[in-house]
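Below is one structure, written out as structure tokens; the observations come after it.
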Amino acid sequence: KRQGFSEVVFGEGKTAEQIISIIKALQLKDKSVLVTRISKEKANQVLEACPSFAYNEVAKILFWKDSDQDSFFEGYIAIVCAGTSDLPVAEEAAVTAEILGCKVRRIYDVGVAGIHRLLNNIDEIQNATVTVVVAGMEGALPSVVGGLVSHPVIAVPTSIGYGANFNGLSALLTMLNSCSSGISVVNIDNGFGAAYNAALIHRLIQKGAKHNENALS
Amino acid sequence: KRQGFSEVVFGEGKTAEQIISIIKALQLKDKSVLVTRISKEKANQVLEACPSFAYNEVAKILFWKDSDQDSFFEGYIAIVCAGTSDLPVAEEAAVTAEILGCKVRRIYDVGVAGIHRLLNNIDEIQNATVTVVVAGMEGALPSVVGGLVSHPVIAVPTSIGYGANFNGLSALLTMLNSCSSGISVVNIDNGFGAAYNAALIHRLIQKGAKHNENALS
Amino acid sequence: KRQGFSEVVFGEGKTAEQIISIIKALQLKDKSVLVTRISKEKANQVLEACPSFAYNEVAKILFWKDSDQDSFFEGYIAIVCAGTSDLPVAEEAAVTAEILGCKVRRIYDVGVAGIHRLLNNIDEIQNATVTVVVAGMEGALPSVVGGLVSHPVIAVPTSIGYGANFNGLSALLTMLNSCSSGISVVNIDNGFGAAYNAALIHRLIQKGAKHNENALS
Amino acid sequence: KRQGFSEVVFGEGKTAEQIISIIKALQLKDKSVLVTRISKEKANQVLEACPSFAYNEVAKILFWKDSDQDSFFEGYIAIVCAGTSDLPVAEEAAVTAEILGCKVRRIYDVGVAGIHRLLNNIDEIQNATVTVVVAGMEGALPSVVGGLVSHPVIAVPTSIGYGANFNGLSALLTMLNSCSSGISVVNIDNGFGAAYNAALIHRLIQKGAKHNENALS
Amino acid sequence: KRQGFSEVVFGEGKTAEQIISIIKALQLKDKSVLVTRISKEKANQVLEACPSFAYNEVAKILFWKDSDQDSFFEGYIAIVCAGTSDLPVAEEAAVTAEILGCKVRRIYDVGVAGIHRLLNNIDEIQNATVTVVVAGMEGALPSVVGGLVSHPVIAVPTSIGYGANFNGLSALLTMLNSCSSGISVVNIDNGFGAAYNAALIHRLIQKGAKHNENALS
Amino acid sequence: KRQGFSEVVFGEGKTAEQIISIIKALQLKDKSVLVTRISKEKANQVLEACPSFAYNEVAKILFWKDSDQDSFFEGYIAIVCAGTSDLPVAEEAAVTAEILGCKVRRIYDVGVAGIHRLLNNIDEIQNATVTVVVAGMEGALPSVVGGLVSHPVIAVPTSIGYGANFNGLSALLTMLNSCSSGISVVNIDNGFGAAYNAALIHRLIQKGAKHNENALS
Amino acid sequence: KRQGFSEVVFGEGKTAEQIISIIKALQLKDKSVLVTRISKEKANQVLEACPSFAYNEVAKILFWKDSDQDSFFEGYIAIVCAGTSDLPVAEEAAVTAEILGCKVRRIYDVGVAGIHRLLNNIDEIQNATVTVVVAGMEGALPSVVGGLVSHPVIAVPTSIGYGANFNGLSALLTMLNSCSSGISVVNIDNGFGAAYNAALIHRLIQKGAKHNENALS
Amino acid sequence: KRQGFSEVVFGEGKTAEQIISIIKALQLKDKSVLVTRISKEKANQVLEACPSFAYNEVAKILFWKDSDQDSFFEGYIAIVCAGTSDLPVAEEAAVTAEILGCKVRRIYDVGVAGIHRLLNNIDEIQNATVTVVVAGMEGALPSVVGGLVSHPVIAVPTSIGYGANFNGLSALLTMLNSCSSGISVVNIDNGFGAAYNAALIHRLIQKGAKHNENALS
């Protein structure tokens, strides 16, 4: 496997038939299969043909996990978001991370307009190994979180907003221009991508010292 | 006077000669004269011809105040900014407000990347009547301040930043999309405009109950 | 309450069920409850469960006011708009301000293309404490109003227009670049935000001299 | 001559030598020669070689008019602008129109922030045959003028402004989205183009009834 | 009447009821009534209540003309467009001009990709008093026409195109940057505005010498 | 050699020393060496160290050609441009094509504002194998040329223009949206790239039938 | 025929009736007829009236070819694309090229994220005479292909993507800025245009030496 | 220390005096001090006052490291870039990472236009723990690298390019839209930020299992 993880299928723009044939093939060679951006209707069609799969409606993710696959690491990824409208993207990140074998803690509804709710939850965020911060509108949350933690922050702008938000452009620019160090950014609404990055980091940590030897041998 | 305040001269793009002739005329009819966006060189030329004026180099403001003019109100405007690069805009706001007769308190260097410095100063901000928040880069500071105070916040994006900052566009969009209520926005780098708005609000408060009678008579 | 006002619910993207459970909780602790951006269909569902609420269809606002709550101030907010297409945003502002306890005067249909209609109504605008100006298309109205009044103007660009209007961007830029002093701007179509700002100013005026003492004590 | 007028040379990006050779050739076949966008330095070089020319420094126009050429029409073009920074563009328009044989009246310093100065001069504008309106910053002036006159208005956005002005984009969009009928727009800072259009209209009027016959014969 | 023409109603975003009540009032005081941007469905509803009106489906214009109103001028406006997709905008211009009392000649399907079709029709265009050029995609037609005629050209970009067309932005920029003199531009898809400008020019020509006296008296 | 042509050095941002060491190495292994975007000053420094090279100041190209290298094909590339300001880009294309061994014919100063000059030269353009069209401002020339020839047209937008030109964006969009078939586009000011493409096509033609055999063997 | 090829009808925005009447006329004078961007529904309507036509649903192309028309050249065009979502555009290109008489080889599903799949197919691409590269998302494929082949590459950005893709703008900019020489670009989703260019090059090659004589005679 | 690393000073826009006083203070409490974006001139002034510092001219970084500070981890960060123009950004990243205590391997001049140079170096990249990919122009390199490695890739767009590059916007969009998983992005030219992220990941790996206990205790 190219990336060390099972392959991931981007469901948007594929028919149920296409998805069914792809994931049946993947089940034969991988220990988990993940389809993102798949609507409830399409998922239901696929589930009839592939009953071993499960569907998460908020995250719009269809997945299957070989039962003997084990979580590989004790640390956890914090998934932080501001409001209820960012939930689908946050859940795309959370469910992706879990399927990739990571522990996840959800710290939701902690937007910057009420900074004390964030501060009340800051310990749980600081103790994570990586934090994924999901925010729409002005997208200011990663800057504040980034200043409070000393681990990598992966920022996900969402397309939530109206007017001068320009479908997430506002949040995207905010995050790219952040004054806090330790923040990197993925595409608008790309919860999957953030989680994938976080899981890669988790795997690196797990491999720990072993890696050193390999890398330098 | 149209706005209840002395007239203000926008210095950019005017020659020293033009400014001298304008402000000499204004001194005859107003109690204070304010020239914004005027470079040190040009200001020095003007000061030779108009020695009663003073120049603030950081704010790039040249001004004159009739000695018997009195501060009209006991409340104060909080001028909040994130870093040293935003100083010229913050000082344009602060000096403007002072010349328009307002008390000002400066709370500088309290960017969101270090939220605790802001929280340590939050009382002084909460006790203001109006807060002007100046921020460049991602421009997240007004959102956090707006959630912590219950008075109007006037947000000033600055052109400080690089790359995907696009000369202040990033901070501008952040502020327009803020989740916090009670925030309104002025043009990029327009410290003067924010202070002018704040001073208008101060004057309204001062006139207080008296206004009711007039307005409704 | 964080802002001194009851909490406001942003209805867009929330289900009727979510709204019902939120506002029932708010009714227990607040004296008024306000839901913005809620469609007629959704409002009707909510009204069945919450018959003490009322719905304003043009403003798309659902609200409830405890009967003994009193208007707190004799001054009024002028809500000015250009044409009939800007009405929903103007009414979002007007109804919000009223629910927040402010007197409101509506001066509608006074666009700059017929400047004399505006001038015929200018006294009523000049006597306001704050003016909210709502305009789409080229968004020139706040500049003209701003030059005629000596109190704060809060400008609301609307998304009304076509072609090079770019969903309100044209009006937004116009307002941010206004030559008139005393204008600040909120997001495109954000009538709520403008009214909220205006109400904050009204409250400051009402508290008047009292504030001084507190602020400086 | 293609357009019925003498040819016009765009001076920007041409050397003094290139300009000299072009205009010497034009003098042999035309009754007037016009070079726009030419700096003082370059103009001085050209004037040494072509002493029959004159240079207008504000308009940055170098021109020569055959003495026996006569103004062809009694009506006049009103050139209206808001502030002193728009002067170079307004003068480019005014001087161009004059060299093309039109009478011009300058109504300057009548920006929308002080609408009464405009109204005090409105008769002179209304009596023009065509009005060229030059405005930077928010560019709202053409909308107001357009609503007050019943002849064509040619709007020229200027690049004057800062921040969210984006080098004249703000004024350009304002003018394209104008609610007033009878307004058409030329490129940012294109005073020449506006005057050229106005002069074409003047010529049409002068030819009057005669045209009808020709056109339909 | 402000503009010397009957008032024009922008139909988009108004209900049939609103339109009926507005145009019934206008019929009492004007000699013609014009409603633009009105869909077939809405027009049919209005026609039932106002049977003296007629509807042009391509132009989406509903109008009524007092029978004794006379075309005021013998010259004609050329309406030029490139392809069949630009037809609705071209017809909005053509029908508007006719209702405003102008003669119109339609020269359609003469895009720059087949320059000879344009050249075959160039006499009819050159003999017009004003030409309205409607073009989508790259919007190059006005530049070519402008170089071939010596009267004013009013350019109308349309929103026809795909990809890097950005809903007409491409054609709009092309027209604003035209190398040909004598071109001015209106908003994307604004056939009405172009025709209104052209009609104003026609009226000026008709008044001819008479105007001179008035203007200068 | 990767592309079948000698390597090309992009001179911008390289020091004279860096260029000297690169081209000395290239001379040892190639039959021609080409440096683009090199200023006169830098070129003079290089020429002292590499006297076998020649410099073309308009094209800003420094080059050396092994004397025994032969032009490989009898057909020619037409390089068409509108005005004198586009000359540097047109010459970058022309000189590049010549150094890559192609015959070139220059048809300059044939902008769309004077379509007859273009038509007078159309035979020479139609007889070319490929045409490179260089245009700034509105960039309409490729559309007209494309409609008149039946061979490939490579369009080069230039950054020449002002105001709503946005440094060549206007011309770029025009060319991408062209209604004429057979046009492809390169980056703004990329005369080199257009010529390189044209030369690749020339080489294909030269290899003619021979290619078929190879390709299918 | 202007371009040496049969005329092509752009189906989008034309009714089935309009298309039927156009293609019936074209069948009388051309050897092949091609309608692009036509939906299945519309195509079925047309097919009833024109049963000699065939419809390709993925490419959305309706076409008819006179049986005695022969493929004119032994070389082939490589049509390369990254993923299944780019298929409709790739097929628009492929089917267009075939109808214009070219041999085509499809190398699909070779995106840059899995560079080895591309390298495994590189011989087939290198042996083509021209390559059309279709790519959405980040649009990086043409740069890689361009570096590996020594013939012309025509790049087609697609509108596939989300978030900061801005409907294909991202891929378009990538391709215009490519470091590889020999790449030219057509509009977003314009598979037709790329194929048309490639076919023009094919025809040039076929005519080979013959052209030289004609062109220079 | 907030981030676990010494504080970093952003040198741009600070005077030599300001920098001297900041870094003298930091030397007293930190084990290393890092100033980014500082010009040679300014650095020389600072070095006179702070002779224990060293300056890297390509990276524009001034730094000081306490001699007993030890590299904390055996793995290395690969810094990959395309061409010589991206060197300053790549070196900002490399030097930052080294000062933060990481081993770095530089793999430069491996742009996508010559994919084999990249493939020849791919082992060294694949054996890194994290890869920072720096690319200007079309910015395609991270997509290719991301597909070849199974560790996190941090992409840095640079502002290198011209025309439709728009100062790095093109490369930025490319990277945000990458098809390869495992890529996150920092601001244009922000080599520092990428290195900081990479160093945070390195520290996490080093702490390895230890972290688990802490995090979950």
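Note that the chains are named A, B, C, D, E, F, G and H in the order they appear, and that numbering of residues resets to 1 at the start of each chain.
Methods note: a contact is a pair of C-beta atoms (placed from the backbone, for glycine too) under 8 Å apart; a residue touches a chain by one contact, two chains touch by 3 or more.
All of these numbers come straight from a predicted model, not from anything done at the bench.
Colleague: Look at all chain centres (mean of CA atoms) and spot the one farthest from the centre of chain G.
Modeller: It is B.
Colleague: Let me check something: if the centre of a chain is the mean of its CA atoms, which chain is farthest from chain E?
Modeller: H
Colleague: Would you mind pulling out the distance in Å between where the CA atoms of chain C average out and where those of chain G do?
Modeller: It comes to 53 Å between the two C-alpha centres.
Colleague: How far is the middle of chain A from the middle of chain B, if each middle is the mean of its Cα atoms, in Å?
Modeller: Computed value for the inter-centroid distance: 42 Å.
Colleague: Chain B to chain E: how many Å between their CA centres?
Modeller: 47
Colleague: Once you find the CA centre of chain E and the CA centre of chain F, what distance in Å lies between them?
Modeller: That gives a centre separation of 42 Å.
Colleague: Using the touch rule from the top of the page, what residues of chain F touch 2 or more other chains?
Modeller: 2, 114, 147, 163-165, 169, 172, 176-177, 181, 187-188
Colleague: Every pair of chains that touch: which are they?
Modeller: Chain pairs that touch: A-B, A-C, A-G, A-H, B-C, B-D, B-H, C-D, C-E, D-E, D-F, E-F, E-G, F-G, F-H, G-H.
Colleague: Mind listing the chain B positions that touch chain C in their complex?
Modeller: Against chain C, chain B makes touches at 2-5, 8, 73-76, 127-130, 147, 150-152, 154, 172, 176-177, 181-188, 193-194, 196-197, 200-201, 204-209, 211-216.
Colleague: Can you list the residues on chain B that touch chain D in the complex?
Modeller: 2, 12-14, 18, 157, 159, 167-169, 172, 187-190
Colleague: Quick check: in the complex, which residue numbers of chain B touch chain H?
Modeller: 84-85, 114, 160, 162-165
Colleague: Contact residues on chain D for chain C in the complex?
Modeller: 82-83, 111-115, 119, 137-140, 143-144, 146-148, 161, 163-166, 169-171, 173-181
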